[in-house]
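Note that the chains are named A, B, C and D in the order they appear, and that numbering of residues resets to 1 at the start of each chain.
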């Protein structure tokens, strides 16, 4: 029932907003629909806390510890982003950047994107997972080019082509997976159901599955933004409207990684080796290092944080690759922390860029002076994402680095260098934006900074205290992922 | 002591109290109440902490677990003698600094005083937590909170670009260091996945991994302490920060790094290897000499003190290195001596350097000038301040009977009593190390004479210097406390050493106190009375008696006639304040002797210049040797990597394609 | 009780003898330079003259400036009182070992330098700067000399060092030879003698000690001069104690005391003459050669200690 | 070998041939026609598989393919290029003979890769899996070597064809709900492509992707 609501509300919202999306109160309607989704997901979560994992509707949907927190997180970030998007879009409209038609498109697609994310998370069917991932690309690609500037078109086109091609590889991987599963489970509906696959994973043909994993990894990995498949990511993040950057970074990357990890579980079961883990570690480390060095070349604030997302996806992928209860736990925690923190940063960045009228960092100055809340939000958010305790990002980095130091000591010099370079790059830039003098005017609509600080407060809280049921989910999921 | 857990409860209580004060500061924004009530209240908390820490030295080990932190790793806290000593240091020094702040920060009312008060108390609480932490996670959280809060304190005046640059450099080096510390914890947990210190104590590491841990920890903590070549942030950040913050950073925060090194190398790692000690010793000597040389040529008074802090950290590290060598070679009595000297010096340094930084704060506040070359003659306009700073300067110069001399004396004793180590090369090292150490100590005297003489003595070089107002009551109270500490720590070493015994007993299993006091509390005898003894109190009393006696005799037998007149100066007619030595002039001999080391850049005007302009500058060689090359390499790499992203879709597709094919080929 | 008596005796002795020693050195120098000289009591005459004069103080002299002569005098007195010159049974000596002794010299140096800067004249700060320059090299050199003796006798207590060296089987210590050379160099520098400084001129290019005390007059100057003489005595007696300690009276041995006194006077005379000879034979160094000179002393002292570790003696 | 299997192999070979032809084709119109032809081959072969293996849902697949890929998409593309008034010739980045050589190597690679899997397959179509993989990779190569938006999209759609063929040949097709979803995605995707063509043309006055190389790092 909850699942119907979780999926139905955003779908309904998408349809409603496709009609009313251009109205003055459309941003508020968007918030209401997102709130509904969030309430439904909270209800679902409450039930999972009470009853444990469930499957529903002929096993087409299932909720286990691995995806329950992602569902909540997705619904939550979707809600806060909608909250942020409301004044942001009012400001954009006030600046004359968007027409009513574009706003309609934006709001409708926003809800549909939420729908695809939640569908990808809740479905039990690896095929539907693929469909949802592809649909996520389709819903957001028009949003990236919302401003219709040459750069935004270019970014959207790259996003479309690269992710399209990538996701096609994932389809091939899914076919191979089905091919292997069909031998064991027989043809038909159940052979792509993850719960069934998970039961018989040890009997799946190893050669096929290793090939399938390569395709799935390249496919979904493109969406995760793993180097060297990441090239669409900074463009799409930088050129789209900021709420979209926030959800791309905060949600889409997570969900794509979720798909990779689901596949990894099956492959590990079939192969019984560390093959998938090694691949993930390699990609993770490469993304981490490359992104860190890209960071220092950035001039555009949103591009900067887009690369930071690649860096963090690298860390998470590396952690999943290492495996083991601690590292996987840390990876799951880091997914949560990253999406909360990064979306908070994008909220602050969005307002900062609106205020300065540019995304070029050299023209953004003295935020703390005129809008202390934006300035502090950006400063604290950046420090949090850079792994400064007591923020929660550090908690997961703590576990990842200490585990890596013990189990894969060869990788730690790379991590050390990458973290150092990333810190230098991001912090030097943020500092000049936050501090100093400025004469910038205030915004016509007061910025929505509640989402920023709610996110940061959550991140801070999780750095100091992790609720027991959340820890339980992480633990169970880690045990399942291995 | 009523309940066994009382001391740690008190310490935790003080931490929470400070956190509450921090929040209160934030809520009160910029009202008067902050300087009138909150800072003194913070000092009261510090007093409670110091007293409880003092009483718990040598008491039972207290542990506590807070239901916070990671799910499998709640916050573990532990109060043992090492923690108690450093808490004592924190409490005792911050009493003075907080009292002083109550007066000093009054000029910030209407600015961002509330925020500053918030950061200040968070900083205090974080440092206290560092000393109490008993698991890697809490330690790191406290450690980085400390770095973060101090970063914001350093950048209080963020509209000055140098301040921003200093803050950035500080936080960057701190962060890289923190990652290194984290990695050393990663090795130490030994794959148990349990990050409590008690697990680390019991983990058995191979020599290789133990050494890796030690090196990582030395790097990480060294970055915070300012050990060569990671010292570059220190002379930037300390001058940039408001003076009480500089005092706190230099006096207390640097000691957290010392605490970390001690904790890791003596407590967590168990048995050290002797070459760790040699490494620490060599690094310490290099740091001490480098720091004091640069201090001698500075013109900015706070930079000078910052470099002097580098020197003192070097000296402390020398003590740690010596302790490690002795401990590794099973000479624990000697190790106890070296460690006593180390801890003693750490305590002394926090008093002396705190006092001096506060002094510069008052000078800065009264004159608005940090360049020593523009000050001068303040002893006339600010006599109270001048007296207090004189105590600090003499102490820092390592002159008896003050406290700086006391700890250096102990350290030299440790050197001199060290022969007959089983390794011949090590025996050779001892005289050289001792020579370098005394050279550094002697140069410190040079530095302090320059510091005090140029700022306080002579004629005022500026109008406003002559009219500067002396310090107020809060400042007097705060600095007076620290000056008193300098004096008492110097005069009653036996009592101090008795308290330090608990720490050395915990670290190396031996104590010094009972031997030190074998001939009574008046005379300090580290090993035997025949071998070495020292009594600062007797020394002071004799000198005072000597002075009084001479004065009495002179007054008694001769007339006391005195005339005032203009200075004679060999009969030179025109005397202006500009003819005195500036800071640059005073440092000139050092600059000339050590020209190669100091990286001197000098612009000398030509004889025909109408408006001759002289400019001299000393550059930190490590910028050119290490930091700029690293920055250059990083930039080159990122330029190269930047070429990967050409913006062309076919190329991007090719990346995906090649990745796919390569992986497929790999799977085959 | 005996000890206290002996201590008081030595205290009085050093204060009274010091000007005479200075006079003796100057007299020897005059003879060596083919002059007739003013006699060994000349320093006393100067002191008496100065004490009777009216003091003139610069307008902006601070209390620090006025108290420095007393501090200087009393710390030099303490230093000289601590060195076992005639007997090793001194009750004060446990309070101050060799390191603290160097510390006392450093206190005196710091105060006189600060006082020199107090008036704010060009010469004063110049002198202070040069004095500290000399100090920062001479002080470690002196310490290293002491350390060499300390590691031989396993003690930093001056009394123990002297006892060990005086009553041990006669042995040649190559390390002590190095140390002795270094010590003489330090002595020259610390007491403002040629080749480092020239006590008899006021030449702004070269003067060190004199530049610092230019602003002092009358009783203040007298105290400083006297302190300088005591310092010279202290240094020479330290040299005697370290390198030629034979003949010193042991604890409680009152019978040996007269003999020890005679020995001391002979040694002092010889040392004074030697000092005068050295001063006559060497030329004043340029101020920037001084660090090299003292650096050599420092290196020699370090070498002395190294030699001890190398040879085991 | 059964007759149906021979037929399927024949169509598979034709599919590969068309993929090669597309790789070498410069003209957009011909590309579209080839794409339609490839769709037709796919549809027919699916139908044959359905007939010979009695998998009824494959008939739906075949019909879906016929409607979407043979009729709808080529029609859409034709309309588009007429509306957009495109140039006939498409430049390639690498010259065609070398592209063909690389393509050949890819085919060998794909066959080798598919060999162990094919042996596991229980379907009558198993030998065609290598061909499916090869045509996917060839389409990929085509996308890499084309400089214009429309041929890139055709390459993308051709890749989808290859994937579809793989699904049919390896497993008799995916479950119906998945297949419907895929078809929907393809359809919506093509629709969005179409919109994009107009936007790109409006903004850059051409569909040449060399205008879209401004977001970069060097």
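The working rule: a residue touches a chain if its C-beta (ideal position, glycine included) is under 8 Å from a C-beta of that chain, and two chains touch if they have at least 3 such contacts.
Since we're looking at a predicted model, the values are computed, not measured.
Enquirer: Tell me which of A-B and B-D has more C-beta pairs in contact.
Expert: Top pair by contacting C-beta pairs is A-B.
Enquirer: Express in whole angstrom the distance between the two chain centres, defined as the mean CA positions of chain A and chain B.
Expert: Computed value for the inter-centroid distance: 43 Å.
Enquirer: Centre to centre, by mean C-alpha position, how many angstrom separate chain B and chain D?
Expert: Inter-chain centre distance comes to 69 Å.
Enquirer: Measuring centre to centre with CA averages, how many angstrom lie between chain A and chain D?
Expert: Here chain A and chain D have centroids separated by 31 Å.
Enquirer: Between chain A and chain C, what is the gap in Å from one C-alpha centre to the other?
Expert: 78
Enquirer: Tell me, which residues of chain B touch at least two other chains?
Expert: Within chain B, the residues that touch at least two other chains are 639, 641-642, 644-645, 649, 653, 660, 664.
Enquirer: List, in ascending order, every residue of chain D touching at least 2 other chains.
Expert: Only 113, 140, 143, 152, 209, 212-215, 217 qualify.
Enquirer: Which residues does chain C have that touch at least 2 chains other than itself?
Expert: Not one residue of chain C touches more than one other chain, so the list is empty.
Enquirer: Considering every pair of chains, which are in touch?
Expert: A-B, A-D, B-C, B-D
Enquirer: So in the complex, the part of chain A that touches chain D is made up of which residues?
Expert: Result: residues 125, 127-128, 130-131, 134-135, 138, 141-142, 145, 148-151, 153-158, 160-161, 164-165, 168, 171-172, 174-176, 178-179, 182-183, 187-189, 191-192, 205, 207-208, 211, 234-235, 238-239, 294, 297 of chain A touch chain D.
Enquirer: Where on chain D is chain A touching in the complex?
Expert: 113, 116-117, 120-122, 133, 136, 140, 143, 149, 152, 156, 159-160, 163, 166-167, 170-172, 174-175, 177-178, 181-182, 184-185, 188-189, 192-193, 195-196, 199-200, 203-204, 209, 211-215, 217
Enquirer: Under the stated contact criterion, what part of chain B meets chain D in this complex?
Expert: 639, 641-650, 653-654, 657, 660-661, 664-665, 668
Enquirer: How about chain B: which of its residues touch chain A in the complex?
Expert: Those in contact with chain A are residues 67-72, 136-137, 140-145, 147-148, 155, 158-159, 161, 164, 167-168, 171-172, 175-176, 179-180, 182-183, 185-187, 189-191, 193, 195, 634-635, 637-639, 641-642, 644-645, 649, 652-653, 655-656, 659-660, 663-664, 667.
Enquirer: What residues of chain B sit close enough to touch chain C in their complex?
Expert: 376-377, 379-380, 386, 390, 394, 397-400, 405, 409, 412-413, 416-417, 419, 427-428, 430-432, 434-435, 438-439, 441-443, 445-446, 448-450, 452-454, 457-459, 519, 523, 525, 529-535, 538-539, 542-543, 545-547, 549-551, 554, 557-559, 561-570, 572, 575, 577, 579-581, 585-586, 588-590, 592-593
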